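In what comes next, chain A is part of two complexes: it sits with chain B in the first one and with chain C in the second one.
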Partner chain A sequence: MSKKLSMQQRYAALTRDLDWTPDYVDPAKVFPLTSFEGIKVHDWSAWSDPFRLTVDTYHKYQAEKDKRLYAVIDGFAQGQGHLSLSDAQYLNAMKLFIQGVTPLEYAAHRHFAQLARHFDGPGPRFAALCQSIDELRHTQTEVHTLSQYNKYYGGMHSNWKMFDRVWYLSVPKSYFEDAMSAGPFESLIAISFSFEYLLTNLLFVPFMSGASFNGDLPSMTFGFSAQSDESRHMTLGLEAIKFLLEQDEANVPIIQAWIDKWFWRGYRLVALIAQMIDYMLPKKVMSWKESFELYFEEQMLNGLFKDLEFYGIRPPMHVQQAIEEKEILSHQVAWTLYQFSFAAGFNTTVPDEEHQAWLREQYPDTFDKLFAPQWAKAKKIQEEGGRFFFQGLPQLCQVCQVPMLFTEVGDPETICQRQVVYEDERYDFCSDGCQWVFEREPEKYVQAWLPVHQIYQGVCGGPSVPEVLAWYGLQEGDSGEYIGSLDHKDWLAWHATAPVGS
Partner chain B sequence: MEYELRQQVIEPRRHTFQHLIDRYGDKPASRYEEGSIDVQPTENFHYRPLWDPEHELYDETYSALRLDDPYTYRDPRQYYYATYVTARAGLHDAFGKTVDYLGQRDLLSRMPQEWQKLLGDLVLPLRHYESGGQLLSVNGARFAYGTTVEQCLTYAAFDRIGNAQMLSRVGITLGEGTAELLVSAKKSWIENPALQGLRRLIEELLVEQDWAVQTIGLDLADRMLYPLLYQHLDEAALLGGAGAYSLVGQHFGTWFTDHRRWLDALITAWLNDPVHADNNRRELDAIVARWLPQAQAAVADLADAVDALVDAGAKDAVARSTAELTATLTGAGLTVGGKA
Partner chain C sequence: MPVVALTDNYTFPSRSRQELYGDDQLVHVLWKGNRMMAAAATFRAPKAMPWADFLGALVDPWAASDPDYVPGSGSGWTLDGQPLQPDPGKGLAELGVGHKSLLTFEA
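Showing the complex of A and B:
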């Protein structure tokens, strides 16, 4: 008689033991995607399950979590909870979230379905299957959480269409499509490791912390509710990289190059978050600089990468530039969005005195010297009844698709511009990092759907700004200056009859 | 009597998202609608997939079966994530109670020998069939066009691994906490002639490129396999003194009834599409012509082995369910075996 199963053996029996090697068809045809990237896996059974969750416990936990979350959402909506937010301006952050982050959850849902089909090993396949369905959860709970704000405020009503069309949203869209269109191993490093592990505290968490500081109880509850899912996704990312590094030494340089690429791609994506943390939250959580120092320099560079040294992995290329930029990044991006918000799905305004005092305190070396004068100039124009908007459309980086707003390292007053000629066409880049990414795979990045190029080609609703904005699905009040906007006027009117918190 | 609670009344600017207003008018939408309709990206893709440069990342032509507007299709169960996991938490909770009860009272090992053998040699190996079903379904979760369709396939994929785990737990319980029966069941899946038809079917479907072919091919087999194992044999088990089999089988029967609802609705949507109906009909005819005979033969092989153990009239039952399935398909307007 054999021995009773231990918990670990029982888990293996319920998951990876379901696998068998096909012989009525060629097994290589069943799993055709795992050979072309040059990654060598000798033993899929060496995959150590990053978490152990059977289907029955999964359903039980998740159903309980959702029951609690939806109770909060319903209660908040019934009590007109939106009136007790710190300020209507806070919702600009959540507009960015539902436009630019929620669609990434959906992309992850679809993408992990592909990984759940295509890895040869049943261990990672099951982990990917769980992540795929989790990401669908996040897509839908985020929509349901923000649905109540959509009824009373602008900018959220057409989030899916905007994700496909609007210029600054091509930053997250192209980022994720870059990963989805790559092979299964690269995309695993891109999303599970770089996005979910390396950058998640800079990318996802700031929104949820912002929610908790600004009275957004439903989003905060969503954040807590997603935490146990996210921790599974993070452990998957860590297991994935260790597993691939341990399988074969020849994998190391391939993975190093992916870490280099996906750090830089992800870092440019979080530029949008940097400005959100510093400029969009009425009640501040922490500055971008502080967040970068804690979550990236301390936890990743001095923590994770020390562990990865053992495998021959070094910190990502171009990381020094990111460190140099921490004093200026959020301000440069916020200033750009201020000038182009006539074509955005959120409102911007000049930070008020109290806000500027906080920025000064957080950025003693750069704010007064470089950025306060810009805001003073903008404020003066507003006081004289005008509003400073950039006339025209920004030039976008061919790789990250952020407007070319970044400056040379060590020279924060000179815009960085890099150019490459490829097959007789000129391509522009915001940085050495993006140029390097392009040069590895020019045939991929020349395909990019650059929103500004597309506008000039006349395929975005028409040649004029109003036509483009209509094609974006933007409605009255969604864009431009916050002071005097529809959201601002409504907020004042609602609170004229009912003071905040009553 | 009711008391009067005063609330601040604020007229909303809109009642739901604009894409739902465009479709259904400005009225409150359900959570199913807000979480499903128009969610998938449809345009302005940046890069062609390295693994399939002929297609966009989301592309209607991943399948020969098309819907002009994928959101004319809606899951009749209206499952979104929260309602789905809640429904399945109930299913697995009930199943867990059954298995615990069977284990406490040794009811599985007190079944007649031939029923134990049937369960161990012929039903338990189908956990691998379910696992294959998961791979087939999750491919559709990635490549189907439109969130309402792929969402059903996502839940189906997760259901399949759930079913595989339910069967495995039966095996562990019958094996008194050991993996012994799971090991022999896997051997049976690989070697037992009675199961090779099903294994070949799954493996051949796995190398099909079109997710709809995979989905319907699996469904055709399911529609003979599930009635055999969990309706016909359920009755036979009660008559044969194997009530424990029936206690297990009820949960799979419950699942299958729920599962098939979205598939029937999808087939109906394909056959009634304003643009693609004729083409869809031809494609479905071709899928049925290609896969139904193979699926029928595979389930019949299993039925022969069942009859050899318990003489339950399984072969006749398969013949009847094949006839019923054929009638249903022709009733829907398909041509089966030359008959419309």
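Showing the complex of A and C:
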């Protein structure tokens, strides 16, 4: 009798050996999506899978990780874990997570299911299938983890509806829809390379480190449970780009343009995370600037892109602007969310003195000069019984969909305005990067569903702010100023008999 | 550069085109040099709305978000990058303000 197959043999049997070349149907009809983008693949068998998982080992690993996570969630619920956070304000970060990131996990699940169907090669098909299942698991475990807080705090109850409707969530939503409506190779670069490799340490990791520093054990455990999947996804992203670059020289300029585009799209998306790191965590992990220098400049620009030089790939276009913005980005975005939080699913407030001292220390060249005066004025308004809100709707960028808050490179006091007239209509952009993305494919971006423009068309619940907020699924206490909010009052009441942290 | 698409005939209308706003249009207003306002505001305004009404009904209430704003104190107006000396009685379209035009002022 033959012995059992080795893991590698089983993997080969599962993928390569189950592949066949169709002979009574035109292969181009079976795989209709892999030629129009201009990418040439000569030999799919050159795809080497870094993690040779089979279905049974995959399920075994994931089941073990799930068991650990759900044990922690049970312990958390029994031990009143919602009381032992650093502060209730910490949950603003997790509100942003369940509203803006969890739906992306689900979008990624759909995206990789599509890739698993459409790639002509069995190796990448199976890798995409595994990732598709991972992403669905992440969606579920994140919902289960954060539902522990939903019982006690605002902003987490209608995350799916909010993701589809709320203005700042159109930023992540439009990123994924842009990717999913592209061809399979571009979307692979958008998600596996740009999102999961290039920017993952700026996107996903800060939430999990924030959880660990702020006493959120369930989210931290979820982070650990996702970590081995994420490292598999990162490896897939890197393998994908190297494979495509090696297959044909003609692929290089196409891939370069996708790197340029998806770096910039992704970088604008992480603007939301930048403010989260610097402004939403009561116990700080590291500043945005530090995080950008370590995870992007050091690891990506001085590491990854040095390796990619060999293939004729250069660092992303417009990267210099991102570097220039590292001292101002988080402050400008936090200031924007502060004045628009009347329409957000989280609460904001003026950072207290200790927090401002930390910001001053992290940003010695910019905080006092540019941002402390704004916060001081907002605080004064608040002390006089008011609250500074932007009483209107903001101009949005046609591509990234972020309010046009960004400033000219080298001139942090002048808001950057770029306009293009395309087929007799004027379009607005926050930066040269977003203008460049538009001009490559204007036919695509004229279709953007811009929240402000839609509200003015009257299709978002009605013309008044309360009607729009109701249509967003927001309830009393979800939005606006933190001090005196429902979360704040509850937190104080729950801790009234014992000091916080005791 | 044209979009790379699966079909040859990839054309869709703009989702913010003027006709979707009837007799109105979108107008952006940027308060230059005031960093309290994180971004320019976008308004929906009738094309025929007189400048004075546009200021009084839309711009002033928004600019008053900043308690230091004095209504009607905006000066140095520009329209899409060109200086503008608006006649208060003239309508927006008459002044050359188009769909998604950018007006800026200082105060």
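As a convention for this text, the second predicted complex is superposed on the first by the 487 of 502 C-alpha atoms of A that agree within 3 Å, B and C clash if a C-alpha of one lies under 4 Å from a C-alpha of the other, contacts with A are read in each partner's own complex, and residues count from 1 in each chain.
Quick note on the criterion: a contact is a pair of C-beta atoms (placed from the backbone, for glycine too) under 8 Å apart; a residue touches a chain by one contact, two chains touch by 3 or more.
As the structure is a computational prediction, the values presented were derived from the model and not from experiment.
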item	value
First (chain B), second (chain C), both or neither touched by A:Leu33	both
Partner chain(s) touched by A:Gly386 [first = chain B, second = chain C, both, neither]	second
Partner chain in contact with A:Leu83 - chain B first, chain C second, else both or neither	first
Which of chain B and chain C A:Lys444 touches, first, second, both or neither	both
Per-residue touch tally on chain A - higher for chain B or for chain C	B
Which superposed partner A:Thr139 touches (first chain B, second chain C, both, neither)	first
Partner chain(s) touched by A:Gln356 [first = chain B, second = chain C, both, neither]	neither
First, second, both or neither for A:Ser209, with chain B first and chain C second	neither
Partner chain in contact with A:Lys3 - chain B first, chain C second, else both or neither	first
Which superposed partner A:Arg117 touches (first chain B, second chain C, both, neither)	first
Intersection of chain A interface sets (partners chain B, chain C)	33, 36, 183, 444, 447-449, 454
Chain B-touching residues of chain A, taken from the complex the two chains share	1-5, 9-10, 13-15, 17-20, 22-26, 29-30, 33, 36, 54-56, 58-60, 62-64, 66-67, 70, 79-80, 83, 103, 106-107, 109-111, 113-114, 116-117, 125-126, 129, 132-133, 136-137, 139-141, 143-144, 147, 150-154, 156-161, 163-165, 170, 173-174, 177-178, 180-183, 444-445, 447-449, 454, 473, 475, 486, 490, 494, 497-498
Chain A partner contacts - residues on chain C that touch it in the complex	1-6, 10-18, 20-21, 26, 28, 30, 32-33, 35-44, 61-62, 64-67, 80, 98-102
Chain A residues touching chain C - in the complex, by the definition given at the top	32-33, 36-38, 183, 332, 335-336, 339-340, 370, 374, 377, 381, 386, 388-396, 403-405, 413-415, 417, 419, 423, 425-428, 439-444, 446-450, 452-454, 456-457
Touch list for chain B against partner chain A, complex	7-8, 10, 12-19, 21, 31, 34-36, 38-51, 57-58, 80-82, 85-86, 88-89, 91-93, 95-96, 127-128, 130-131, 134-135, 138-139, 141-142, 147, 150-151, 154-155, 157-158, 161-162, 164-165, 168-169, 172, 176-180, 182, 186, 189-190, 199-200, 203-204, 206-207
